[in-house]
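Some structures are shown below for you to check.
Across the two complexes that follow, chain A remains constant while its partner is chain B and subsequently chain C.
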Partner chain A sequence: MLSIAEQSFSSRLLTGTGKFGHPDILKAALVASRTSMVTLALKRLNRQHQQDSTLQVLRTLPVTLLPNTSGAATANEAVYAAKLARELLGTPWVKLEIHPDQRFLLPDPVETLRAAEQLCEAGFHVLPYCHADPVLCKRLEEVGCAAVMPLGAPIGTNQGLQTRDFLQIIIEQSNVPVIVDAGIGRPSQACEAMEMGADAVLVNTAIATSSDPVATASAFAKAVEAGRESFLAGAPLAQRNASATSPFTQFLETLS
Partner chain B sequence: MRIHCNDEQLEVPEDCSLVSIIQRFNEQEGALAVAVNLTIIPTSRWQLQTLEEGDVVDIFTLVAGG
Partner chain C sequence: MKSADALRQYDWDDVSLTLYAKTQRDVQSALRHPAPGWQEFLALISPAAEASLPSMAEKANALTRQRFGHTVSMFVPLYLSNLCANECTYCGFTMSNKIRRVKLSPQQIKDEVRAIKTMGFDSLLLVTGEHETKAGMAYFNEVIPLIRPHFSHLAMEVQPLSTDDYRKLVKLGVDSVLVYQETYHRAHYGQYHLRGQKQDFDWRLETPDRLGEAGINKIGLGALLGLSDWRTDSALTAIHLYLLQKAYWKTRFSIAFPRIKPCAGDQFSPVSDITDKQLVQLICAYRICFPEVELSLSTRESATFRDSVVPLAINQLSAASQTQPGGYSEKSDALEQFSTEDTRSANDVAANLLAQGIEPVWTDWLQQFGR
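And now, the complex of A and B:
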């Protein structure tokens, strides 16, 4: 079973709650995904604020809430956001996300490491969204992060595991759970990440923006389980040369 | 006096309480986190906390996100 910061999770599929068309669809999709950890975001209220029922929906489900620091452009802003989320939810969990660039939403490694260090010292369970950089992931582990969340591709792009080779190195080296986050667009890509040995994946856009989010969530749940099972079963490595699966009896040669 | 609240300037009475500002946003209990001048104020202190000229009040809630 997946264990992060000494808490067990029944599912290896983390889900985001953004981009769903309706709270009922969100709820049904989360149930179908069988997820046990779900992200949500902080927002500064304004007078035009439409009430958002996400938190109400999530409080009816048996899931651990993982507030993120999306919107933070610096370490200081992220630490502030994490503390606000802790005050609001009474949770030590935080998905640390610092992406100043709005076009590609790529995480700032320097600010992320700086914030991770402060938040770990303050007793948070920090799950940092980061580039698939094996050295950075080790540094994040060393400052006390409960897991690392390297990206497969930029957020919301559905490009799959563009960082495959580096994810493999991160998985091999990490002593904390590796959760592949961002860019996973199809269940087959989630399955591939799990087959590589990732401890979990986080999926949002691919479920929320599919034609049928509930069915897609179910497909992701199965893909993640299949990938994990395959990893544990020890899938053999690819070979260049063929290797016969039937015996060579050579009986055709004797007839000629 | 004037305060800043979520990037908006508000004209409020002297010794205005924090809770009176929070009540302007019709949000459910347990769904808000509030800070004054970047210091987080626990819910239990919203009633007692009074505001001063130029204070910066941040009111956050949680919404859908990935």
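And now, the complex of A and C:
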């Protein structure tokens, strides 16, 4: 079972709450995804937050809330947002997102590391969204992050695992869970990330903007489970040459 | 002035010739382009693209849903004053118009804020006429602290200011400034703006640069469609946007599509009417070439037009706007800047969006972001 900061999660599919057209669709999609951890943007939270329609949906589901700092462009802003989230929602979990770049919303590595350091010291369970940079991921691990969340492709692009080779290095080296975040557009891509050995994936846009969010959420749930099972079973490496299904080498065992 | 200097190299007539020479072939290749740029934008707003409007609409819609999801952000304008020290031949606030001039007092502002909050808004656009001495920094210093705590996001549409003043506004809590060039045609600009600071074309052209240097979070651009050839004005708005995006990579941008509306003392007739269909074409062209830029549609447009165009490519919407100071708390006799077309309540507009599968987003910012 997936364990982050000593808490267990029944699902390895993390989801988001943005981009849905109606709270009822959001709820049905989250149920179908069987997710156990859901991120929500603090900046979207209604000030009278007990009336917030997204929060009302999440409160009825067996999920851990993962507030995110989306909109923050600096470490200071992100730290502020995280503290506000802890105060309003009573949770130590935070998905650290700092993207000053307004076109591709790519994460700022310098500010992210600075903020992660401060938030870990302040007792948060920090899950930083970052580039698929193996060295940065080690640095984030060293300052105490509970997991790392490298991107597969720019957020919302559905391009899949463009950073595949670097994700592989990150997964190989990491001592904390690796959650592939951003860019996953199809269940097959989520499955591939899991087969590579990622501990979890986070999917939002692909579900929320699908023409059938509920069916897509269900497909992602199955893909993530299949990918994990395949990883545990030892998914074989690709190779150039053919390999016979009934190897002729069996006769070797009969030799004395 | 990084972007304005580069922008001044573009000649109106050259741009116009290039864009009117675009062919259907250019339009097709623009629609297939993986990362369309300015030349593709020109093709998409050209007369040749009118035949491809259905394909443009489909592409624009897909890009909007991918970037913004099934959501639209809601905001409302608050007119603080109709004082104006400019003479602009197309505007109801123009200084020679004999209308009652008002500037809201602190008490009136509190009443307006209360009325607006009751309507459900959490994102506010402050608007004034352009009057440096009577509605300038001293007034903003006084009134913004009364307003800022009540809204998660604050935008302003006031006269162009200096970089230092913009820095002060950012500190006061302003997140976004909208400043429309009105027209990028220098000679036409001179004919429309007869008195006041606004006569200075270049000061206005350099305003987005000053905003970028002041580190504002979001800059709103646009041309007042109808003052000159709308296609060429939009082409120059678009190149301005590309130049600004490169110069100020941390800044967000929004585009609005104001069409000339009838106003008090109205003797103005547009030189270049833009039809409903052409406005849809323009909105789609922006979305296709600038998937991340926020596109805004105001209550200048009719309810019917907004209901069909918003789901296509718009992600920012005002509703129930009053364009005269004091209009929310009590109907004032001070004249409005222009008459709005979509007069439905905020609740009605929101309910209509939800029925179309789009969730209205009222809150999307934290006050401390950008400070």
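Throughout what follows, the second predicted complex is superposed on the first by the 236 of 256 C-alpha atoms of A that agree within 3 Å, B and C clash if a C-alpha of one lies under 4 Å from a C-alpha of the other, contacts with A are read in each partner's own complex, and residues count from 1 in each chain.
One rule holds in what follows: contacts are C-beta pairs under 8 Å (C-beta built on N, C-alpha and C of every residue); 3 or more make two chains touch, one makes a residue touch a chain.
Everything numeric in this text was worked out from a predicted model, so none of it was measured.
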Original post:
So, A:Gln102: does it touch chain B (first), chain C (second), both, or neither?
Top reply: second
**OP:** In the overlay, answer first, second, both or neither for which of chain B and chain C A:Lys83 touches.
**Re:** first
**OP:** Look at A:Asn158 in the shared chain and tell me whether it touches chain B only, chain C only, both, or neither; answer first, second, both or neither.
**Re:** second
**OP:** Examine A:Glu225 and indicate which partner it touches, taking first as chain B and second as chain C; both and neither are also allowed.
**Re:** neither
Original post:
Of the partners chain B and chain C, which touch A:Lys19 in the superposed model: first, second, both, neither?
Top reply: both
Original post:
Looking at the overlay, does A:Leu45 come into contact with chain B only (first), chain C only (second), both, or neither?
Top reply: both
**OP:** Overlap the chain B and chain C contact sets on chain A and report the shared residues.
**Re:** 18-20, 41-47, 80, 84, 156, 205
Subject >> Of all residues in chain A, those that touch chain B in their complex >> reply: 16-20, 26, 39-47, 49, 51-52, 54-56, 67-68, 70, 80, 83-85, 87-89, 155-156, 202, 204-205
**OP:** Flag every residue of chain C that touches chain A in the complex, lowest number first.
**Re:** 65-71, 122, 152, 217, 245, 249-253, 292, 354, 357-359, 361-366, 368-370
Original post:
Inside the complex, what are the residues of chain B that reach chain A?
Top reply: 6-8, 24-28, 30-33, 35, 38, 40, 42, 58-66
Subject >> Touching residues on chain A, where the partner in the complex is chain C >> reply: 18-23, 41-47, 71-73, 77, 80-81, 84, 100-104, 156-158, 205, 208-209
